[in-house]
Structures are given as C-alpha cells and as structure tokens.
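There are two complexes below, and they share subunit A, which is joined by subunit B in the first and by subunit C in the second.
Our next item is the complex of A and B:
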C-alpha cells in the first residue's frame, strides 16, 4: 500500500494494518462507502448462509418488498436532510390506498383517474402537514404524530376497518407485473429514486435543501425560500407514500386499511443506516434506499432461516443498531491515533 | 488589603489579543466600575476574575493567594451574568440552591421545607419580593435579577460580587431598589465590580473606575472629581489615530436615494426613519442591544415589522420576505457568522455558490463548469485562503470564513449591502481588506450600511453616522465634522446631543 515502508531503513510499520485503515478511511470519506460496504458484506454472508438466497425467485421477493418501503424512504430521507421528519407517511399511504380502492370499486371511476386522484390527495396531505408546520411554527415531529392519527382515523371511518375487494384488473399489473423479470414496483422505485437523486445533486433546489438542513437561519438570511421548500418536501413525501399505498393495493388486489402500518420506523432506520443525519444537512436519498436494501436483505434471510416470527423484529432491530454503530465506530477507530 | 489583585494579565486568541497587561485591584467595601467600549476586553477580564478564562501571562491573587494555582479560591468570587439564566418553571428556592449537592441539599431526597427555610433568609437579605415556593416565571424581572444575585451569593461566604450590566432590563424604580441592595452589600465589606454603559449609574454608584480600551488598561481613577466628559474621552481614546481612511471618494448625489425607511417599528426598536444614498457608507453606531441589528434584519424581512415601511428605489420591500429583499438587490451580512452566515456541513465551494446558483443553471441543472469558475474567481478576488474548495467551511479560520461570505454576497452584485459588525473577531490585516472592499463597492455605486460598535471603524469608513440608543435613533451626524465624544455621548443616551446633519 505505502511505498515508504518497503524502503530500507524506513520505520517498519505493519502494512496490513495500514491498508485496512486506508480502506476504512476511504469508505468513511465517501458518503456512500459505508453503506455500500455493509450491503455487499451482508449480501455475501447471506449467499453463504442459505442456498435459497441467491435465486431469481427470492431476488424478486426482496425487490418487490423493497419497492414500497423504498418509495417512502425517499420522501423521508429528503425531509430528514432538510431537518424535518414526517411520522404520518404510513397513514397517508394507507389512506391513499383505501381512497383509491373506494374510487375504483364503489364510485366506479376509471382506475387510472382514481390513481391520479390518490397521488394528488397524498401530495395534498403532505402539503397540509407542511403548511401547518411552517405557518403555525410547529415542530414537525409533534404535528405529524397528530396528523398520523387524523389520516389513520379517516381511513377507519371510511372503511370501518374492512378491506375493499374487487380492485379492477387493469392496475394489478402495477403491483404484480414483471418487466424483463423485474417487478414493476421496483422499477417505479428506481425511476423515482433517479429523479429525486438528480434533483438533490444537480439542481439549485437540491442544494437549497442541504443548505436549509445545515443552517436554516443562514438560509433565510441568504434569501432562500425556506418555507416554500419545506412545504414542497412534505408534499413530495406525501406523494411518494400515496404511490407506495396504491401500488400495494394493486399488488394485493384489495385495499387493506392496514396498509402503511409498518412504513413509519423502517424508512427512518434505513435513512440513518444510509448516512442521513437525524439532525439534517447530511446524506442522500440513494444512501437511504441502500439502507432499506440492507434491512430488506436481513428480513429476507430471517425468513429463509425459518426463525420464529416472534424473534424476527428482535433480530432485525438488533442488526439495525449494529449497522448504525459501525459508522461511528469506524470514525472513532480512525481518530484514535490521529489526535 | 486588596481582596483581589490582577497583575499584568495577558490573554490572546488566534488573531486577537483580548487582554494586554491589564491590572486591577479590588478593595473591600468599595464599588469598582469597569468601563470601556464594546470589545475593550471587559468580558474577558471578568472571565479571568471568575476563573472561566486562564490567562496566558500574569497573576491573579485572591486574598493574597495565587488563584491560578488553587482554583478553589475562585469560589469566593460571585458573578452575576448580564442575561437572566434561571429555571423559569422551578421555584425560587430550587433556583437558589441548584445544583443541590453543592449547596448541601443533595441527599437522597430533597427536603422542600429545609430548603425553603434557608431560602427565606436570603430572600430577606436581598429584599426579594417573593415567597420561596413561588415559581420564578411568576415573579417580576427585578426580583429575578435579585434572585440571580442571591443565587451567586449563597454558595460560600463570597468576598467579591461581579455584576455585568445588571440594570439592562430594569425600570428606574427597580434599579433604585437594586442599588440599595448593592450599597448595603458594599457597606458590609464586600468588594463589588460593576459593569455598565450608563453614565448616571456609573456616577451614582462608583467609588473607583478602571477604564479599558482595546484590551489594555488605560488607568484606574477615583470617581471623585471625575466628569462625564473626561470618562468618555478615556473610554474612546481622545487621540484618534491618524491612520488610513476608507471613505468613498467622489461626490454623493443627495437626491439619489436608494433606500428610504419610514417610521419602522419592530422587535426592540420603534419609529426608525432614515435614508441611504447611492455610493455612501452609512454608519450605525450604538451599544449592544440598542436595536441596530434588529432594524437591519427587519428591513431585510428576517423579522416582521409592526408598522412603517421600507422603500427600495421607490418600491416597497414586502414584510417578512427575505427572498424578495434579496431579489430586489439587498444583501445582509449578519454579525452572527456562525448562526446566520456559514453552512457548516457544506464545503467552501457550496457555501460560496449558494447565492448565485440561479446564474449557474443550464437547463435547470447546475453546470459544474460555471460553478467552478465563479467560485474560483470569488476565492481569488476576496483572497479566501483554503487548501481546497471541497473542504468544509468550518475548517477555515474566522477571517477566511468571513471573506468567503462577503465574496458570496458580492457574487450577487447587490445594490444595497448591509454589513453588521463585519470585522468582529477578525485580525487587523483582514479588517483593512474588508474596509477596502466596502470603499470600492461604494465608489461603484452600491449603497452600504455599516453597523459597528467600534467608533474608530465608523470614523474610518462611514460618510454619515446614525446613532441609536434604547431602540430609537438619537441623531444623524456627518462624519467629517463630528468628534468622537459627541458620538459616544449619543450612543450612551447622554442628554445633550448636538445634531450636526
């Protein structure tokens, strides 16, 4: 690795340690290095552990499951980079799903129109969150806990807790179909991720989002439209959650009121694993989705191993804690001799 | 015998010498005034007296013993900071004895009864109008101030009490009450250090005064026989250095008004009116808390105005919209570089380009080529020293951060620029670079407002100076024909201010 160590007379340092250190240093330096490294590691271990892991059937299962959580993760990651959080994303997804089901089945509207209305409604719910937070100067965490109750409650009022069956076949392709062997929801995720990642990296609005997350006062002093961008980000998160909700309906063929119940905490954990700071200003949606991939693989391998469902959340939660500790441990290891 | 003796104390921070061979001797039973302009070194000296700052050189003796060797001696110094820092939702007694383990109440459980009994002793001694069990947020501000003094004093038998501008939030009656307590404490043999900018307080309380200027002690004088004029001259330094001046050269057209502020009222100030002409540097003088930054931030839309309006070239700037003010061509550089200026998580490049991203777009996308060229141009022009543009801005020195921020503001080509304390915490070389930038911009026709607490800075750069005191403007002076004593008089609210322009 380092030439000096091989020169005669130079102080001998064990090259192995320095190369490991350099590798860790490079992974920490690259914002995505850590999460990509962890993902490859977990993928490799999974391949060794189970012969059923690296099969096209299993890969399709992982990809499809990932798509829904991934879409929600994108929106949550953008909000977290901005320094906000939305705990009502799951409720918005569920509400969008059942409203979609009702429009198609009970109202008999054109499925595609229903889908568009649902997405609009999701964006509207997000926008409402953003509007209340910015205009009433509320803390996003508290407000969205309340709004999660409102949206979730509206869902139960509308459905009385009963699933809406008989969703038209035209849209089931969106949830169940494969294109070139790849599940359609996963393709939708890739498209959304590409667009959002591009906006975050290469446009002024993306740069402003990082700036606001880094220092909101300074952003206002600079004349950045902080509140408008905040509201836009909440609307985006609502839109993506609604998209995940309606894709789930298409996949199940029924609009379950319980859709979205598990979409709140996993995306936040995924974003943190992927390098998004809970305090804002750091990370990327790509990293966050890779974090979701890690969680998805872990959950899959737990199933493949036939671990008792009661233990599943203990194991996956433990691994999440381990994964986020690794980054901080790696930094600590590097700084130990540096100072 | 002196209770506290400071000799030849020196303290420097990177780029600034805060204290340079300062001496101070405190006698028991005397009220000692600490006077000086902002940035003269008063707060660093106080921090040295209380043990918060360890000086680079010099000695601190408390009752004849070396306090730098034995830090426990500092417990004999009671210090009351300027801002209230009480726990508003807890009781008077709880506030007084926090942290409990230090005051002897920190057993497994806290006996409310014993604590309140002990507290009532101090409440009586300091004349606080409150019951020990009352919640602090429900007692008056002056009682809170007294409680803060009592809290500082109840730890040990203190020998020295330091009060840093204790009256800044008090009414005249409350001040009088506070002064009675202070004189009682003095008569009981306590040495008191009193920091204030208000002349009437200095003259009614003080026995001795030590004047600081630019981190050096000018001298210690008895208050007997001292006049207001003399003290002001000692504080400001009567001999203003005949150094380089940075006023814009060339004529200013009096009718070419860029900004007109009419009866603006907002947080902490009221009824402020003034005009800014093209090509002038308009100085704003005043003490900390006079409302200068608030006026600027309200004009700029960062705070909402209660009434009044700001006309930019005949068009009104909408209230509370920084984005509109910026779009119209106004830029504000805050005094709080850390809170309002830099984006700590972003790189130097991203920090600079943030204000001009719209100019770098090609089809809605940031063109990295354009970004690189604009950023490197700014870095060169404003002499920002960094090893790479990809470095996070927090790793740059304060002066280089400031130059990067000024460069960012300039890249927008503003027509009005507000500099709020642009040279705070910046070394002298960079200071002069910033003055030169201001001068050059003004000559190019930009209207500049310079808010500064340093008189020498205003005299060096401003063409006209507006003074503020207690949230109101107290005068407008032509720099060339006004002496510094008049200006200092106007910013400390002295009764006679002569209006020259």
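Our next item is the complex of A and C:
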C-alpha cells in the first residue's frame, strides 16, 4: 500500500457510475464519508423519534460526555494507526485523576500546578508503556493489559477505594463550565483534536506514523526512528487520558477511583467505526472522534427512548455492527462495480 | 412508627392531591439505580407495585421508567441522570453511587425544577431531598453479631468486601470489623473482594478457605458475595462446619438458606424501598412536603421465616 493512499486527505478517484450512485460513491470514496453518513442518519432518526433529542440541554449533555471519551479516543486512534494498542489508557486516566485529587486536597498544592503534574504523570505512564514495549520487544496488547493492572492497582492502593473529596472550586469550570453555551471539556477536545489532526496530516511525524503503521520494516529501512515515534505516541495517549481524568475530576468535584473504568473498549470501538484499521496505517483521529460521536448519540437515544437496561448493550452493539457493515458493504459494492 | 405516621399523612392528603391534579396525564418517574443488578430488579418490582396502588386508589396513572447504568461508575450514572433530565420527567428516583460525585448533576435537576427522591443512599449535604432506605451499618452489625453468636464468639472468620469503591459496601465492612473487634477470641484472618460478582465471590471464598483451613465463619458486604461464598462452602463440603450469614435476599441466597448452606441473611427490603420511593416521588410531584428519611428496616431471614 502506498503512503499517499493511506493519508486521510488523499482520496482515490471515484468510479464513474450513475448519479445517485455517484453521490454514494463520492461519500464512500472519502475516508470519512461512511462515518459522516452514518452519523447524519442516526442524528436525523433521533431528531424524528424523540422530541427531547434536539434541545440545547441535550446537545450540551452529548457534547460534554463526548469530550472525555473523545480525548482518550484521539490517543488510542493514533496508536492504532501506528499498529499499536493501549489497554491501560482508562487506568492512567483514573490514576491521574486521583493523584490530582490527592495533590490538591491532601498535599495542598496549587490546583494548576497539580493539574500540570498529573498531565506529566500521565505522559510518563504512557512513555513507560512505550519504553517497555519497544525495548523489551513486547506486544502492546499484552503489556498494556498488565500495566492496566499496575496503574489500576496503584489507584486502589492510594485511595483504598474511597473517593477524594474537597477538590478546589477553582478548577470546577474545567469540567462544568460553559463558554458561549459550549461545555469547556468539549472545547478542550476540539483544541486537542485540531492539534493532533494537524500533526497527523501536515507534518513529517504524521506521515511517519502512517508509514510505520503500514509497514514498520520498510519505515525503518527508510531511516524513520520507529521506536522513538512509537514511544511518543504512547506518551501522547497517556497525556490525553490524564487530561480526560483531570477534566472528569473537575466535572464531578471529587476524585473517584472508578474514573476511567469505561474508557477501555469504547475508544477502540469509536476508532474502528471512524475508519481506523486495527492492523494500522489507515484512518484518522478526526474519523475516530466522529465514531465516538456516533456512540455518544446511540447512548443518548437509548436513555431518551427508555430502552430496557437489559437490551441496551444489544441495541448499541447492533447499531455499531450495522454502521460498520453498511460502510464495508458499500465499499465492496462500489469496488466490484468499478472493476 | 415513622412509616405509620407518613402513611397516615399520605392517605390524608391523597384525596386533596388527587382532586387538584389532572389525572388524565400520566406522571412519569425515572428510576435510576446504581447498576444493572437483580437487587434493583426487586426494587423495581416494588416501585411498580406502588405505581399500581396509586393508580387504583386515585386514578392517577404513573409511569415508571427504569434506566440502569451498565457499570457502577459515577460518570456513567451522571450521564444517564442528565439524559433523563433532558426528557423532563415528573420526578427522578435515584440510588446515588457517590453523593458528592453526583452533586453537580443533581444541581442541574434542581435548576430544571425536577423533584428528586433518593433510595439506598443519602442525598448530598444541604439538599432537602427524601431518602428511603435502611441503615447500612446496622445491616452489617446484625450480620456480624449473628455470626459471632453462631460460632460461640470464638474462631477465625473472614469478610467478603463488595466493591472497594462503593461507600455502602465499605461502611458495612467497617461495622462488621467493629463487631468482631469486640470479641477477643474472634480473629478476622482474611478479607476478599468480590466486586459484587457471584463468580468472583466464589473464587475468592474458595481460595481463602484453602489458605485458612480453620476458618469457621463468613459475612459479606453486598448481595452477590454471599451467594458466591455459599457456593464455595458447598463445593468444599464444609456446609455446617463453616457458618455463613449472608446479606440481602437474592433468590440464590434464599436457596442457600433452604439448603442449609447459609444459616441466615440480614436483608434490606428492596421491594419496600422501591415502593416508598415512588410514594414519596408522587407526593413531591403533587407539591406535598415529604419526610427527610423513610427507614424501611432490615429483615433477618432464616429457614424458619423464609
């Protein structure tokens, strides 16, 4: 696979087909077409079926919930494009949250300094993962399962399972605040996404990440510092997870030991829905976050529609499988037509 | 006594409330427990019984929407509460995972003027909200005292903690430890963590009994753990030699008592908590003042009163 065809901006020429099919073809040919189409469809259906869906209050809820999972998704997507996976991102987020709470409440450190230290700690945890994976030549999936236990265990040792309360009010606007009606965590997500998307699409580092994900041996032969980039990507994932953890502490007003428990599988699912290949070299962080938007809308409508809790996983899982299948089928259909 | 007074007050205001309200429009209450769990299913049954009672008595239709988080995580629960607020229900009935962590979301419900009732937990400090439930510490104390009596106030015992991050589980464990500390000949030799899972409870209990062959008794801190303990006791052939006093009234727990594996269980009354939570929510929706706390009490269930 050539490097150009894997980049998000590089679209192959759409096949010549009839008018409606041409529109679909253009959508499908765009790397983000499938996920945008699915998102518009699910959004439209939700608007039609629930009068409570398209309200400013509900949009704020969706945006805020998206912010936390979206940040973790960006880091996980970069790793997946690189051909790696980090299953300890949730544990890093949780650990960063409780360490932040302890620094602010028990040590009495300045809240902003505490936040900065937590972000550094998160990046450090990610870097440690990367270091162990590259230097000991371990599989990232296996190593990070173990490290999730280490970070999660450290969280329980530090807190004894009890939430840290009394987090200073100075930081609460980071989790609860609104700027022009937009939740602050969502703005943080947009800033992070813009920066990471820019790096991925417009800088040599981004191209190297796609190259490594497509063929690490070839990338190494081209002189790309594969291990340094892999470690950097793990550090980025740790940093973004810690940021999500700290924002969640600001949102809740307490440092809960359970923060991050649900941040393991959803970001991977979001990235896959958004077109990131589990084998590496394909996709983009923007697509992954759009995948997270789809999951967020599904989670929202499940509650708005009052679907039984016992059916929730079946419904949300089914919609995700349907979205991925439709995208795959459309691509298969058009490829067959073109050949 | 408190309940009798409350019931009297409810019945006294019911005709007035029923007259004042438009009974053709159903009142919609959203019931949000801590997590998907059979204990909360029993509570949901009680809630629906209360809804039926109100409809039959007053003609006012009541809809109960049961929305349980898939995991016992505060942020997941807050997401569900917020989404429920977006639908503007007539009341929210909540089992708070952590009153401080839930506070910001509850403030949003207050801003939207949605009445709230909490059950099996206490409201955040300063919030004037009715709480329905039983005393967790009392429940743990009853179980531990009963076990102490069963084993003749001497020997090695173990405590199966529930979810280490759940405040009610932690509180029960602390109160159980305090009871055992009163008796110098009782030694707590192990504490397991079952994460409110029967399977985990069984594994932990089996391992602990292997490591401590002189163990004579078990207490637990949640509803699933004691079922796992009972299964481990049965598998190891130690029924009768190792005593168990369980917690709550899951069907599996009751079967273990019937089979003579567990001696008894100190059970909160989930159906009653659901019932009175709906009665309280209904009264709040009608604009009536409700009590600060409704204590639904604790049952000690044995083979005799099953």
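Throughout what follows, the second predicted complex is superposed on the first by the 316 of 339 C-alpha atoms of A that agree within 3 Å, B and C clash if a C-alpha of one lies under 4 Å from a C-alpha of the other, contacts with A are read in each partner's own complex, and residues count from 1 in each chain.
What we mean here is this: a contact is a pair of C-beta atoms (placed from the backbone, for glycine too) under 8 Å apart; a residue touches a chain by one contact, two chains touch by 3 or more.
Computed from a predicted structure; not experimentally measured.
Peer 1: Please determine, from the superposition on subunit A, whether subunit B and subunit C clash or fit.
Peer 2: When both complexes are placed onto subunit A, subunit B and subunit C end up side by side without any clash.
Peer 1: Once chain A of both complexes is superposed, is A:222 in touch with subunit B (first), subunit C (second), both, or neither?
Peer 2: first
Peer 1: What is the contact status of A:258 with respect to subunit B (first) and subunit C (second): first, second, both, or neither?
Peer 2: In the superposition, A:258 touches subunit C alone.
Peer 1: Give one of first, second, both or neither to describe whether A:308 is in contact with subunit B, with subunit C, with both, or with none.
Peer 2: second
Peer 1: Taking the superposition on A as described, I'd like to know which of subunit B and subunit C A:68 touches: first, second, both or neither.
Peer 2: So A:68 only meets subunit C here.
Peer 1: After superposing on the shared chain, does subunit C or subunit B touch more subunit A residues?
Peer 2: Result: the larger residue contact count on subunit A belongs to C.
Peer 1: Once both complexes sit on top of each other, what is the least C-alpha distance from subunit B to subunit C, rounded to whole angstrom?
Peer 2: 32 Å.
Peer 1: Of all the subunit A residues, which ones make contact with subunit B and with subunit C?
Peer 2: In the superposed arrangement, which is not itself an observed complex, subunit A uses no residue for both subunit B and subunit C.
Peer 1: Flag every residue of subunit A that touches subunit B in the complex, lowest number first.
Peer 2: 202-204, 207-208, 210-211, 213-215, 217-225, 281-282
Peer 1: Can you check the complex and tell me which residues of subunit B touch subunit A?
Peer 2: Answer in residue numbers: 300, 302, 322-323, 325-327, 332, 334, 339-346, 350, 353-355, 357-358, 361, 364-366.
Peer 1: Which bits of subunit A are touching subunit C when the two form their complex?
Peer 2: 52, 55, 57-58, 61, 65, 68, 156, 159-163, 165, 172, 175-176, 248, 251-254, 256-259, 261-262, 299-300, 303-304, 306, 308-310, 312-313
Peer 1: With touch defined as at the start, can you tell me which subunit C residues reach subunit A in the complex?
Peer 2: 36, 65-76, 78-80, 82-88, 98, 100-101, 103-104, 112, 163-167, 170
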